[in-house]
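Some structures to go through are shown next.
Across the two complexes that follow, chain A remains constant while its partner is chain B and subsequently chain C.
Right, the complex of A and B next:
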């Protein structure tokens, strides 16, 4: 098993290192991602006002103060330090994002490859089921689930997993389809070994490397999606005190004319995460699919 | 004398559409003695690999069969039912055509061997498994160092040897080698056929050797069946068939083999081999045969036995040796 992990990581590493050598923007994106992740891990420990960051300490007398040495990014309408709030929110956003990506990656790999090497009926059923889930908007599913489950943060995560794993399962399905006619996959099944065993030993290690890259580049979209849901409906956030990027942007909209910093700081953080992850994935795509080179010009 | 493989009027086909079957192999009747080497020779697309897969029990689910196939007194194919439990992967194994696709690129050779050994001998300890794997590697003349290498670090011949080692794990009695030499160059082809020949003797295997390379067949095999359009057209001992061919197809096939120090122009067989499902009526070879006469076009000849060989040709009808 160790050798599998090593081989997969080696693949991913070689992809990243090759792109790193060739492109400046990829280097910038990598540094930004590293900074974001380090900040997310250390955030709660280095925040200047942890009690304000968690939303416990509220004082209206110091509300809407402009940025100063005391509060580097100013304070919001409830008198909390915006920097501390962002650091706490960042931590939560990255952790939930990792949970969503990891769970949907594992689900996707196993369901997709089972569809490829399972019986014909399974293949058809799973394919249609994934298509069905792909058609489902995650925002609506999250609101439905939060109503059913009593509106916890978990409802967002489950809704996102439900809508993200079909993408991975489709990629895994297509990759496993190209493997299933090879002898090292076909013969064990003919010889009577179980399909789960074949997936674990022979299919998953072979398809996981490109999917890991795909997952890494999806991270930005997941952060955006979570923030969108909390921004729009406040679903999954039980009170205003909880730190969350989407909620912070939603509540700061009221004070946008008086105190623009309360709005700009979380929005800029969100944009930074999204841009750095998108840049990361775009550069790897361009490096490995020369046809797609300079695809991002099409956006404008 | 023990018969390892016996087929009785075996038909093999593939279901292409609902209830439409393409019969690729028809009326196959071969008998293979245990501990001998049997060779199937023919052009590509004549059904050699299909026969090999049928013997190894690796026919896809959409394949259809008729007739019987017997392996060591066990009927494995009976009409359209297949009973390969306990036979497939234990008594009969197949050495695949393409060694690159038979090894998992993400696992070392040693790891793959030990997985197979653990599957077949669940009681062995970890150390014995490694020992056995190294033994098998030595058996196919590979270095011990290969144990820790990945498939992409091996050359084509080494990959083929590793695939053979994998196939020998369950200590099979019958080995189906499906064109084991086609992916190799001329020198390695010789080395590989020597290896298979030696293994056959040491392990007392029945080797079914599928090839389109006549020189390799001459070197390795005891008995030869020449296949054309899914039928055995000539059957006999290797040196007899290759020294004095009886069937016109075999004659033409042997003339198209390049020889050393020969200044003769290489002959080719005019026309194309027929596609499955579009076999002509009568003798299947009459469209390309230089000796064709009227009867060939309407009636299909039976296998005619002449001493130790059999020929499917009207030329020999009424002829007794």
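Right, the complex of A and C next:
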């Protein structure tokens, strides 16, 4: 198993290194992603005002202060330091997004490749079922689950997993279908090894590298989607004190005319995350695309 | 002939999918922890709670066997009896359709803005691939697609607010609120019924939201057009046409463009689901009537029938749109088979 993981990581690494050498915007995107992840991990520890960041320390006398040396991104309507709030919220956003992406990637790979090498009936059932789940709108599913499950943060994560994993299972299915007629997949099945074993040993290592890149590119959209859902309905946010990017934006909309920094700082953070993840994957795609990597040279 | 075969199969599958969606909502209502009647009645508290729960129990038919309940659920869905909203005390079907159409209007207008513009951008970029124009268009589209929609919408709102634009908020001016028409989309109804004053008013109210929403499809479609047009321009038949000395306009419009129509159709179908989410955000920022405001009020009141109805209706619209996209793809590209 270790050697498989090593091989996959090597594939991904070689893709990243090759693109890194050639594209400036890829380098910028990588640095931004690294900064965001480091900030998300260290955020709660390096926040200048951790108590305000958690939302415990509220003081209306210092509300809506413009950015200054003391508060680098200013303060919000309850007098909390916006930078500390963002650092706390970033931690939560990145963790939940990693959970969503990881779970749906694993589910997608296993379900998709099982559909490809399993029996015919199973294949048809799975492909219709994924199409069914793809038709469900994630926001409405999240709101449905929030009523059923009592409004926890889990309802958003489950709704997003339910709407994201069909994409991965579809990609995995298409890729595994091209592998299933090859000898190294057929022979172990003829020997009578179980299909799960074949998927783990022979199919997953071969399809996981491109899907990992795909998943990395979707990370930005998942962060955006989670914060959009919390922005809209406040699902999973118990109180306004909790740091959450979507809720911060929703509450700062009222003050946008008097204190635009309370709105702009969290939205710009989200935009930065989404754009850098998109650029990251797009650049790899472009570098490996047979047509796009060449310049257009025909004059007509 | 094969295309017709494909279309019939596709329609049949989408009917099955719609039935599946209805069945999934049934499973959600029945097999979740907690009493389904309590959830259906909106988790009531107070003196009237027992009566409301008893009513819900009778409505859901909880004493019937499970397959009869499923049949009842599907039958009721197709008859249009989706229950009574807890929050608004009105039929769910009426509320959902009315608000969905209001959101759909924005989506349609934003596609009408986005698709020609992004086609132009993508063509421009792919014809100067690797050049300056390509890079500019590429980064503009990445930024447009990556920006959160509330940022775009709030910036537009703020700009209009500062300028003093008087058409923000409602769907039409208060004096026209009694106006109604066959489709429910005010801009289209007013044109159909020949009320130009209402059309101008509602159009001016609609257009900022449509522009805010259109930034997302512009960003995505422009990139896809760029990639697929670049691929098409490298194909043999286009090179042949170039070597024959045909003018650029003819090559792009007659030879290359028709090849990417199926891709665009497919993409529009896939984008639709995300556009509904983005429309809700924009309605929220502009405080316009629509699906977003409906759902946020429904969540606050645990209005379960309303959310079930909205989910199923939206899912069905998505299935229909995707089916149409597949049919367009099959007609324009006969190689597609099921």
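Here, the second predicted complex is superposed on the first by the 289 of 300 C-alpha atoms of A that agree within 3 Å, B and C clash if a C-alpha of one lies under 4 Å from a C-alpha of the other, contacts with A are read in each partner's own complex, and residues count from 1 in each chain.
The rule is simple: a contact is a pair of C-beta atoms (placed from the backbone, for glycine too) under 8 Å apart; a residue touches a chain by one contact, two chains touch by 3 or more.
Since the model is a prediction, treat every value here as computed from it, not as a measurement.
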Once chain A from each complex is brought into register, does chain C clash with chain B or fit beside it? fit
Touching A:182, do we find chain B (first), chain C (second), both, or neither? first
In the superposed arrangement, does A:137 touch chain B (first), chain C (second), both or neither? second
Of the two partner chains, chain B (first) and chain C (second), which one does A:192 touch, if any: first, second, both, or neither? first
Contacts of A:7 with chain B and chain C, given as first, second, both or neither: first
Output check: A:148 vs chain B and chain C. Expected answer is one of first, second, both, neither. What do you get? second
In this superposed model, does chain C or chain B come into contact with more residues of chain A? C
Looking at A:271, would you say it contacts chain B, chain C, both, or neither? Reply first, second, both or neither. second
Is A:279 touching the first partner chain B, the second partner chain C, both, or neither of them? second
Applying the document's definition of touch, where does A:201 land relative to chain B and chain C: first, second, both, or neither? first
Between chain B (first) and chain C (second), which does A:231 come into contact with in this model arrangement: first, second, both, or neither? second
Working from the superposed arrangement, determine the closest approach of chain B to chain C, counting only CA atoms, in whole Å. 17
Do any residues of chain A touch both chain B and chain C, and if so, which are they? none
Contacting residues of chain C [partner chain A, same complex]: 13, 16-17, 20-21, 24, 28, 32-34, 39, 126-131, 134, 139, 142-143, 145-151, 154, 157-158, 161, 223, 227, 230-231, 233-234, 239, 242, 245, 248, 251, 273, 276-278, 280-281, 284-285, 292, 295-296, 298-299, 302, 304, 307-308, 310-311, 314-316, 318-319, 322
Within their complex, state which residues of chain A touch chain B. 3-4, 7-8, 182-184, 186-187, 190-193, 201-202, 205-206
Sites on chain A touched by chain C in the complex: 25, 128-129, 131-132, 134-141, 143-144, 146-149, 220, 224-225, 227-228, 231-233, 235, 249-250, 253, 256-257, 260, 263-264, 267-268, 270-271, 274-275, 278-279, 282, 289, 291-292, 294-296, 298, 300
Of all residues in chain B, those that touch chain A in their complex: 57-58, 85, 88-89, 94, 96, 98, 101-108, 111-112, 115, 119, 150
